[in-house]
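In structure tokens below, several structures.
One chain, chain A, appears in both complexes that follow, with chain B as partner in the first and chain C in the second.
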Partner chain A sequence: MNNVVLEAKGLNKRYGNLTAVQDLSMQVLEGGVFGFLGPNGAGKTTSIHMLCGLLSPDAGEVLVRGKRIANGDPAVRARVGMCPQKIVVWERLTCLEQLVFIGEMYGLSPSLARQRSEQLLKDVDLTERRNQLAKTLSGGMQRRLNLALALVHDPEIVVLDEPEAGLDPQTRIQVREFIRSLARRKTVVLTTHDMEEADRVSDRVAIIDHGRLLVLDTPERLKRQVGEGDTVEIRLVEARADGQVLAESFAALNVEAGLEDGGQIVKIRALNAVGRLPELLGKLESLGVPVGEVSIRPNSLEDVFIQLTGRRLRE
Partner chain B sequence: MKAVRVAWKTLREMWREPQIFWLLMLFPALLVGIYYLGYGNTDQGMSQFLTLWVCNRDAGLRGGELVQAFRGATYEGAPLYQVRETEDCAAGERALLDMRAAAMLTIPEDFSARLGRGEQAQLDWQGDAQADTYVFAYSFAGSVIQRFLGQPEGAEPLVYEFVGGTGGLNDFQVGVPGVMVFGVLLGALAVALVLSRERVNGTLQRLRLAGKGAGNLIGGLVLANMLLGIVQSAAAFGLALACGFNSQGSLWLAGAVVAVVSLTATGLGAAAAAFSKNDGEASLIATGLFAPFVFLSGAVFPMPVARLFEVGGRVIQPYDIFPTAHATNALKRILIYGEGAGAAVYELAMLALLTAGVLGIGVWLYRRVMR
Partner chain C sequence: MKALRVAWKYLLEFWREPQLLGLALGLPVFFVFITAVGYGTAPRLATYPLAMVVEGGLESELPDRLADARYPDGRAVFSVKRLDSAEAMDASLKAQNAVLGMLVRESLVGEPELVVRGDGTAMAFTRASVQLERILAGDTRQAVKLVETPLALIGAASDFELYAPGMIVFAILLLIPQTAMLVGREVREGTMTRLRLSRLGAAEWLGGLTISQMLVAVGQVLLTFAAAAVFGFRCRGSLLLAVGIGLILSLSAIAMGLVVGRFSRSDSDAINVGSVFTMLQVFLSGSFFAMPGSTLLEWRNVPLGLYDVLPATHGNLVLQQVMIGGADLALVWPRLVIMAGLSGVIFGVCWLIFRR
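The block that comes next holds the complex of A and B.
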């Protein structure tokens, strides 16, 4: 289970003055879902393009089962299948035609390519649309076809770039289920800027920002780094600027507290937050702070990102 | 084998865009048809182009007889001139300026009198010296006048000889080679569209992931475009033959030349696609590349002689950098002069060499932007 299938070693990529990826080293283990997280523009797509062999790094190397992918054996490259974020289909080919075509491009025999294509169409629920031109499919169907195109050659590693982006809730659930079923047979690398999505489906998570890898661990361990327990967010009636005073007052209760959102929100991390809520609110009252709304939630990867970068993911 | 799959896929995609597909397929034939309507009507012979306005001021009878001589002049059994007699010389001059006349002949008042006295008479011959029709009208006029003045039968001052029996060909026949080059080269636009879409839509990236990049894609397009070129030329030659085109040489050899021109079109299309971000840009840039390859090749109109240097007795001109110039010349040799591959070996070799160059540059540019 702990075999390394995909490894990045000291990857660097620059575009002019912009450093897209800086000294990225990580290992993807066999099986399960590897979440590759980061805000838009963090360098995720550049990184996965290098991982798939589409882009040559300025420095470093990518190994698939210990073999270099860049400029290497096409068979090594074929071990990776990639589903791009953008829908990439041949609009004037039918679903079946394009699956068979790309299968043959990967070197499958026409009969095997057809057999796999038919099975994949079934898997992504497009069998009834098999002879329909891609341009006539709905957006959700096109996205499923996009996914099937990455799988027709039966790769060992499947890289999915923001697979849930732009999906309606129903299709999102379908795709998520498909990813889960896929992860039982293959290694899935999933890039996303949606922390909840990553938390739900990933076995291990790497967080990247400004082209640098910040952390890599299981979601549970990463969330524990932020603090055990839950996060309480208390929206104040009036914004405050004395974050330091608040932090010191709550430290006496053995909880971590701070101001966010321009002093509008007091954020507290605590074990058994529900049981301790009267105590926490009482502390605010004793400090003369009028309280508006209160919400309690478990720690999330978003909290991990905020702790690591000092800002929210979408800021 | 992969290139064959790409070619098949490309043809399928093109087939499913019927407007572009049929326009592309039938464009050379369409040009042949248009050319036939313009120049292929042979019943009236040269007279359909050579309208001669005559302003006869002669007080005697000889002027009228000269007019009749022009009316009766024939070439290859068909009338040579369409004569329009007028008493208003200014009207004739207006017809010249309006390009409704090839030339205007003014016969002076004393024409009969001077001839009667055995003196020289001066005829006034007007026209636009830059116009082909004027040049033809003027060339044939000398012979008509000499005959009118009583030259013995068979002793005409000028004898017209034409290369490879081309004297019997009308403009339609002469124009077919250029029309073929024009029509097939237009395939550059379709290639630019296909390649630009593959790049912009990201499907080329899918092929690259499969280890089959731009080279395979263009390889497939080369095959597809060659096949289209063969069908295009078959349709165009078929229509030309039906319209009375009389090929002097091998149509198979001519078809092979046209197929090579389709490779030039592929190269131009690839180069255009390398700089295009959408369909509009692809069409525009491909048109920009297509224009000099057609209009400076002599396919549409003859280019003036512009000697750069001479190699082995052969004059090298600036236009010789265009493979289409050699394709046009090769087609003329084959279709009009009735020559074989041996006689056209220089044109065929240059066509192959330059086409390989254009194709190589196109592939290089297209692959370059993918890195």
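The block that comes next holds the complex of A and C.
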């Protein structure tokens, strides 16, 4: 189960003066979902393109089961299936035609390509649309077809680049379920800037920013690095600047507190925050801080990212 | 096998794209129609209307001589209409009731002289003047005997027929914008990336695309030929050889389309830039109008000039030789070899651009 299926060793990629990826090394283990997270522009797509063999790194190498992928054997490259973020379908081919076509391009026999295509159409709930031109499908259907196109050759590793981007809630649930079922049979590499999505489906998570790998671990361990328990966010009526005073006051209660969002929000991390809420609010009252809106949530990967970089994902 | 599947995919996409269908199949037929109407389908050895005035009391046998003049096949060279005055003759020329005006008058020194008038920019005037000169030369009993033999092996060709091979070249060169559109779309929409990720090799992809476009070229040649045949065109040589020439020429057009498509940013970009390449070659190759040129070198008795760097120049010439002159492969092979070589060079550039 702990076999390494995909490995990046010291990957570097530059575009002129811009360093897109810097010394990226990581291992993806067989089975499950590997979340590859980072804000927009962090270098995720460049890394993914190198992992799939679409882009040659300036330095370093990518290994699939120990074999180099870039400029190597097409059979090695074919062990990876990629579902790009942008919908990439042949608009003037029917769903079935393009699945069979790309299957044959991966070297499947026409009969096997057809058989797999029919099954995939069923899996992504497009059987009734099998003979419809892709351009006539809705956005959600096209995205499901986009996903099926990455799978028709039955790759060992499936790379999904922001698979939930732009989906309506219903289709998002369908896609998420499909990813989970996929992860039971294959190794899934999921790139996203949605930490909640990654948290829900990933077994291991790598966070990348400014082209560098920041952390790689299970979501639970990463969240534990931030602190056990929950996060309480209290919006203040008036902004404050005395973050240090607040932090020291709350330290006496054995919780971690600080100001965020220009002094508008007090952020407190505490075990059993719900039970301790009256105590926490009472502390603020004793400090003469008028309280507005209060929210409580478990620690998230977003908190991990903020702790690592000092900024929110979408900043 | 993969190349054939790629070819099939492109043909399907082509068939389902009305814009491409119209461009590839409709436009050449439309141009054939325009050429047939514009240049006329009458044989080139036409009977030219001639307006003639004999002034004063001059006696001249010339009107009768011109009216009796015949081509070798027995048709009259001129239909002579006698008018009363130079003014009436001019009016007839302006109204295009005559292509040539002839005035017989007394010169200042008292001798009869001939004045020939007409529109110098009109092809019909030029040709009628040549015929007139031939007859008058005969009249002066010169030693040189002008024997007119049609270029075609079977009878005379009309203006329209002379332009028909050019129309076929034009149809084939339309592969440039149409290939550019298909390839550009594949690159821009990311489906090329899908193909790159697969086990499809660059040679298989290029081969598949080329096969599909060559099949379209065969369709274009046959359709253009059929449209021309409707307007009276007769292929003097082998149609099969003409199609073969078209196929070799199509290689260069497809290769140029690949290059344009690789760098186009939209469908309209591909069509516009591709069409510029098409029209430039159509004109420079002499497909629409004969281009002046100087011979830079000679190979196998084939004079080569500046425009011969274009495969279309050779394509146009050999198509004319085969379709109008009835030439066979033994005569046209040197230019076919040159055309294939030039196409190979352009394809080599494509290979460099599109290799993985």
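Here is the rule we use: the second predicted complex is superposed on the first by the 315 of 315 C-alpha atoms of A that agree within 3 Å, B and C clash if a C-alpha of one lies under 4 Å from a C-alpha of the other, contacts with A are read in each partner's own complex, and residues count from 1 in each chain.
To be clear about the criterion, a contact is a pair of C-beta atoms (placed from the backbone, for glycine too) under 8 Å apart; a residue touches a chain by one contact, two chains touch by 3 or more.
The model shown is predicted, which means the values in this text are computed figures rather than measured ones.
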Superposed partners chain B and chain C on chain A - clash or fit: clash
Which superposed partner A:Leu93 touches (first chain B, second chain C, both, neither): both
First (chain B), second (chain C), both or neither touched by A:Met105: both
Shared chain A contacts, counted only where both chain B and chain C touch the same residue: 52-54, 74, 77-78, 80, 82, 84, 86, 88-93, 97, 101-102, 104-106, 133, 149, 153
Contact set on chain A toward chain B in their complex: 52-54, 56, 74, 77-78, 80-82, 84, 86, 88-93, 97, 101-102, 104-106, 133, 149, 153
Residue ranges of chain B in contact with chain A within the complex: 2, 5, 9, 12-13, 16-17, 201-203, 205-212, 216, 371
Chain A residues touching chain C - in the complex, by the definition given at the top: 52-54, 74-75, 77-78, 80, 82, 84, 86, 88-93, 97, 101-102, 104-107, 133, 149, 153
Chain C - residues contacting chain A, complex: 2, 5-6, 9, 12-13, 16-17, 189-191, 193-201
